[in-house]
Amino acid sequence: MPDARTLEAFPTPAESPFVVEHFADEFTSVCPKTGHPDFGTVTLRFQPRPAGAGGTCVELKSLKLYLQSFRNEGIYYEAVTNRIRDDLAALMKPAWLLVRTDWRGRGGIRSVVRATHGDVPQAWQQ
Amino acid sequence: MPDARTLEAFPTPAESPFVVEHFADEFTSVCPKTGHPDFGTVTLRFQPRPAGAGGTCVELKSLKLYLQSFRNEGIYYEAVTNRIRDDLAALMKPAWLLVRTDWRGRGGIRSVVRATHGDVPQAWQQ
Amino acid sequence: MPDARTLEAFPTPAESPFVVEHFADEFTSVCPKTGHPDFGTVTLRFQPRPAGAGGTCVELKSLKLYLQSFRNEGIYYEAVTNRIRDDLAALMKPAWLLVRTDWRGRGGIRSVVRATHGDVPQAWQQ
Amino acid sequence: MPDARTLEAFPTPAESPFVVEHFADEFTSVCPKTGHPDFGTVTLRFQPRPAGAGGTCVELKSLKLYLQSFRNEGIYYEAVTNRIRDDLAALMKPAWLLVRTDWRGRGGIRSVVRATHGDVPQAWQQ
Amino acid sequence: MPDARTLEAFPTPAESPFVVEHFADEFTSVCPKTGHPDFGTVTLRFQPRPAGAGGTCVELKSLKLYLQSFRNEGIYYEAVTNRIRDDLAALMKPAWLLVRTDWRGRGGIRSVVRATHGDVPQAWQQ
Amino acid sequence: MPDARTLEAFPTPAESPFVVEHFADEFTSVCPKTGHPDFGTVTLRFQPRPAGAGGTCVELKSLKLYLQSFRNEGIYYEAVTNRIRDDLAALMKPAWLLVRTDWRGRGGIRSVVRATHGDVPQAWQQ
Amino acid sequence: MPDARTLEAFPTPAESPFVVEHFADEFTSVCPKTGHPDFGTVTLRFQPRPAGAGGTCVELKSLKLYLQSFRNEGIYYEAVTNRIRDDLAALMKPAWLLVRTDWRGRGGIRSVVRATHGDVPQAWQQ
Amino acid sequence: MPDARTLEAFPTPAESPFVVEHFADEFTSVCPKTGHPDFGTVTLRFQPRPAGAGGTCVELKSLKLYLQSFRNEGIYYEAVTNRIRDDLAALMKPAWLLVRTDWRGRGGIRSVVRATHGDVPQAWQQ
Amino acid sequence: MPDARTLEAFPTPAESPFVVEHFADEFTSVCPKTGHPDFGTVTLRFQPRPAGAGGTCVELKSLKLYLQSFRNEGIYYEAVTNRIRDDLAALMKPAWLLVRTDWRGRGGIRSVVRATHGDVPQAWQQ
Amino acid sequence: MPDARTLEAFPTPAESPFVVEHFADEFTSVCPKTGHPDFGTVTLRFQPRPAGAGGTCVELKSLKLYLQSFRNEGIYYEAVTNRIRDDLAALMKPAWLLVRTDWRGRGGIRSVVRATHGDVPQAWQQ
């Protein structure tokens, strides 16, 4: 069962703004309606607050274990995406966060869901 | 014969804005002029209204059956696209909706048609 | 010899704005200088005026025959592109039209030419 | 030795704005430091001034010979790019010009250099 | 051990603005936590100040040696990226600088980090 | 309902051996179990007997109509493939025939079926 | 826990030889050493015995459920592959069977394992 | 109208066996039934006889003009392929010749035709 | 310094023949002539002897550490490849082993080296 | 002017058979007829004789300089290929050698030439 308390963060190493992306290509959860497994990719994209403002970055190994904890969870595409956004926003309180999930699909329909927190930083448009 | 009444929606799970895309790669209808089948892809992209404002998302299985119902319908590219836009806008009353159809083409010409409803949300530009 | 009078249009099926693209991958004309054939792709992208304003869309079969009529015409890249733009703008009087030609090239140089009519509609930026 | 006097231009065929791109995939010059050959691609992108304002387009065969004249020239990436921009800006006096060079690289580092003249026209953003 | 003093720069050859990109596909450092090697790509993108303002460009061979000096350094993704940004900003004092690192990843998660200095120049948006 | 009598053939134009392939990317039939549509590609590959031995080639337009006649037929992957092989072998009595079907799949499993008639000719191994 | 008794087969529809391939892109099991999930693709390729000899084909839905049953099983790459080969060989007693597993990998090493049963049929070499 | 007399050959430069391939990506002829243009690629692959045995290679410019001469010829796929094979076999009397034509297709069906002369040489299998 | 004694093997789990491939995309060593790092991919492909004949498979984690031990070793492409082949052949005494190294190259030349042990098994040709 | 005397070889490091490939992506020479530059890729593939039989491998830097020496040489595709084959066969006296040249082409026709020396070794078929 997913538990955001396993997530850890470390202090951001810079005052200057920078942007981090993590791509987890091996996400799986379970469709609550059919019981069949869903497979997808989870993308995180965030700008931590500056070091002086207490900015943090999610630690990679804890992120991996957090994402693995959805393995046998029955949960819909939209709910997974909003939940990961909420858990990471609570953990890092980032200047900006985007969570995107890409699903391999069922019955000939593939889906993508994206949820955001905060405003897109200028550094991303480069 | 296409019937929008088979479409179902479920309440959106979040107050925060998010964007959903569905890609149906196996769409087929019939050319009303020649009687030959047309093959294409239908892409939906929408931002539901917030949960508190009664926002809904189209249910995937009902979407699949709705799209399959065009299988033996004689209808032009432009009309299919506008019809799907109208049916889904009526169903979900979304903050934003884009319907895009990509057609494999006839006689060496491929086509793409896109119809929209509402204004592009900020979340999409990330 | 190209003749814009073979082009036909049909009334646009919607009041709401939408955008149409046609990709003709098999265009050929003749270089007026060397007499060698040129090969390329012609892309049309347009937003018809609303139905209530008399908006029309170019009919696909007539477009195909119009493009085939350049087959033995000696004409430069830039002139082909501007001519197609002028002929289609006169036919449809669209809210927006872009004509793009991609040429396979000669002597190690490939070329692309694009000519426009009207202003880019908001629907295109989605 | 490169000589801009071999470049020729012809009058632009239209009053309406349009944009031309040329891609020369077979560019080679010599590294002035090591004497080893450099290989790359040269991309031109320009909007001629309108015909009524004396706008011109570079002629393709003269462009090909001009680019070939760098074959045994010892010249750095940055200097090649700025020189081609200067020579073509002087020849065509275009409304806009971008010269981009993509280099296959040395010692595991590939490079791209881009130099511009004038302001990006609206037609390019389509 | 990385040492920014091995970096060299040469005077920029032009008054007009231009943008340079370098792609180093063979970067490697060591994870300070596990001791396992990390592999990635380093991308630099910068606009030197004009020649008259003392603008400089990093010299390619010194850049290559500088990047190689991280080979046995234990350092995190975020720190590498910010350090390269700081070292190159100090060396060139560029009008704009973006450093992007793409990492092959560990445990099914790939990462990208980007850090910037200065404002995005207009020339980059072409 | 599929009817092999709509298939037509024309006399092969050569005494020398040659091989023909046809790729129909827009095949669709119906799953007899679920009633959902199946989508796939049909590939034919054959060597006609020599002209002097009465060799024939399937006519393209009749092939297209024959394949379209499966559109609303409930039939399994394996049965479609064997049926097309039998119908075309009966029509052309070719020296060699391979029918391959590639299916987009259901529930995360894609499938390919291939059925043959006669021996692989030497000309195919080139 | 994987259980081969859930696998079902149906009688092969033809006397003539034919070859079937199934590609399951969403396979997952668990590494017995680390407890981390493994992700991969399972490919089956087989030639059933002729109908008259009691040949059978594995039924797709039962195959899907059988593969899903490995989801929480701790099992090595080599053992998974040999086990699927054994279970399917026992079920179908095919003339030929190849099982191939492609694993996304751990620590920078991707793996492929293939196990076979019977001799490669002539039909496969076409 | 195609005329094999425009084809020229030059003496092969070697006694040792070697293989030559030419890929003409811009072939076009006309469908004799519908009058619509056909577009495709012509591939030649041959081993000339040794120099001492009078071996020759087709000259590239004459090949280009020969292929261009089909531009307005009404001729079927199979006939084009066999005719080019016959004309080039008569010109070069090669140890081996393969002519392959790849057609962009009509009505959703793409085609490939290949015709040969002589036996596949050992040098090709490397 | 590379040391084959860190390699470990485990008993093969099957009597039936099967083939294993490992792809290590992140190999690096040092050029003994220039001191610059070399980057490449190492591919292993082997068939263990049957379990009853004492067949073994290389253990993945020990393989990873063994390959990492070349990181600061000065050694040529050909010598790396032959050494890995020798070390793994001594460890596993496999029925067949192929070691292939793909190098990113220096000065515009990429290289591939492959060394083998034993005879190619039938299972590989499927 | 090309001079095979600049080529150097070093003794092969193994008694066991192995195969080496070098890919030089930046080859250029001059067309003797038109004076225009030709661009292509040169691939070498060879098996040295065993060390005990005096086998040697071409040294990479000398190969690079040898290939660069064709830069301003007027020479046809077929002659370049046969000459490189002859020069390398004389240098290394390999058990097997294949030289393949891929040319970017002129006037819409790309070409590939391959010349060989000795028999294809078993190790290549793996």
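A, B, C, D, E, F, G, H, I and J label the chains in the order they appear, each numbered from 1.
Here is the rule we use: a residue touches a chain if its C-beta (ideal position, glycine included) is under 8 Å from a C-beta of that chain, and two chains touch if they have at least 3 such contacts.
The structure displayed is predicted, hence computed values, not measured ones.
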item	value
Pair joined by more contacting C-beta pairs (A-F or F-G)	F-G
Candidate from E-I, A-F or F-G with the same interface as G-I, over half of contact pairs in common	F-G
Separation of chain I from chain J, taking each centre as the mean of its C-alpha atoms, in whole Å	27
Between chain H and chain I, centroid-to-centroid distance (C-alpha), Å	44
Chain D-chain I separation of Cα centroids, rounded to whole Å	47
Chain centre separation in whole Å, for chain G relative to chain A (CA means)	34
Residues within chain G bordering two or more other chains	25-26, 36, 39, 104, 106-108
All pairs of touching chains, each written as two labels joined by a dash	A-B, A-E, A-F, A-G, B-C, B-F, B-H, C-D, C-H, C-J, D-E, D-I, D-J, E-G, E-I, F-G, F-H, G-I, H-J, I-J
Touching residues (chain side chain E, partner chain D) in the complex	12-14, 16-26, 57, 60-61, 63-64, 122-123, 125-126
Chain A residues touching chain F - in the complex, by the definition given at the top	36, 39, 104, 106-108
Residues on chain E engaged by chain I in the complex (per definition of touch)	25-26, 28, 36-37, 39, 68, 71-72, 104
Chain I to chain J touching residues, read off their complex	45, 76-79, 81-82, 85, 98, 105-117, 120, 124
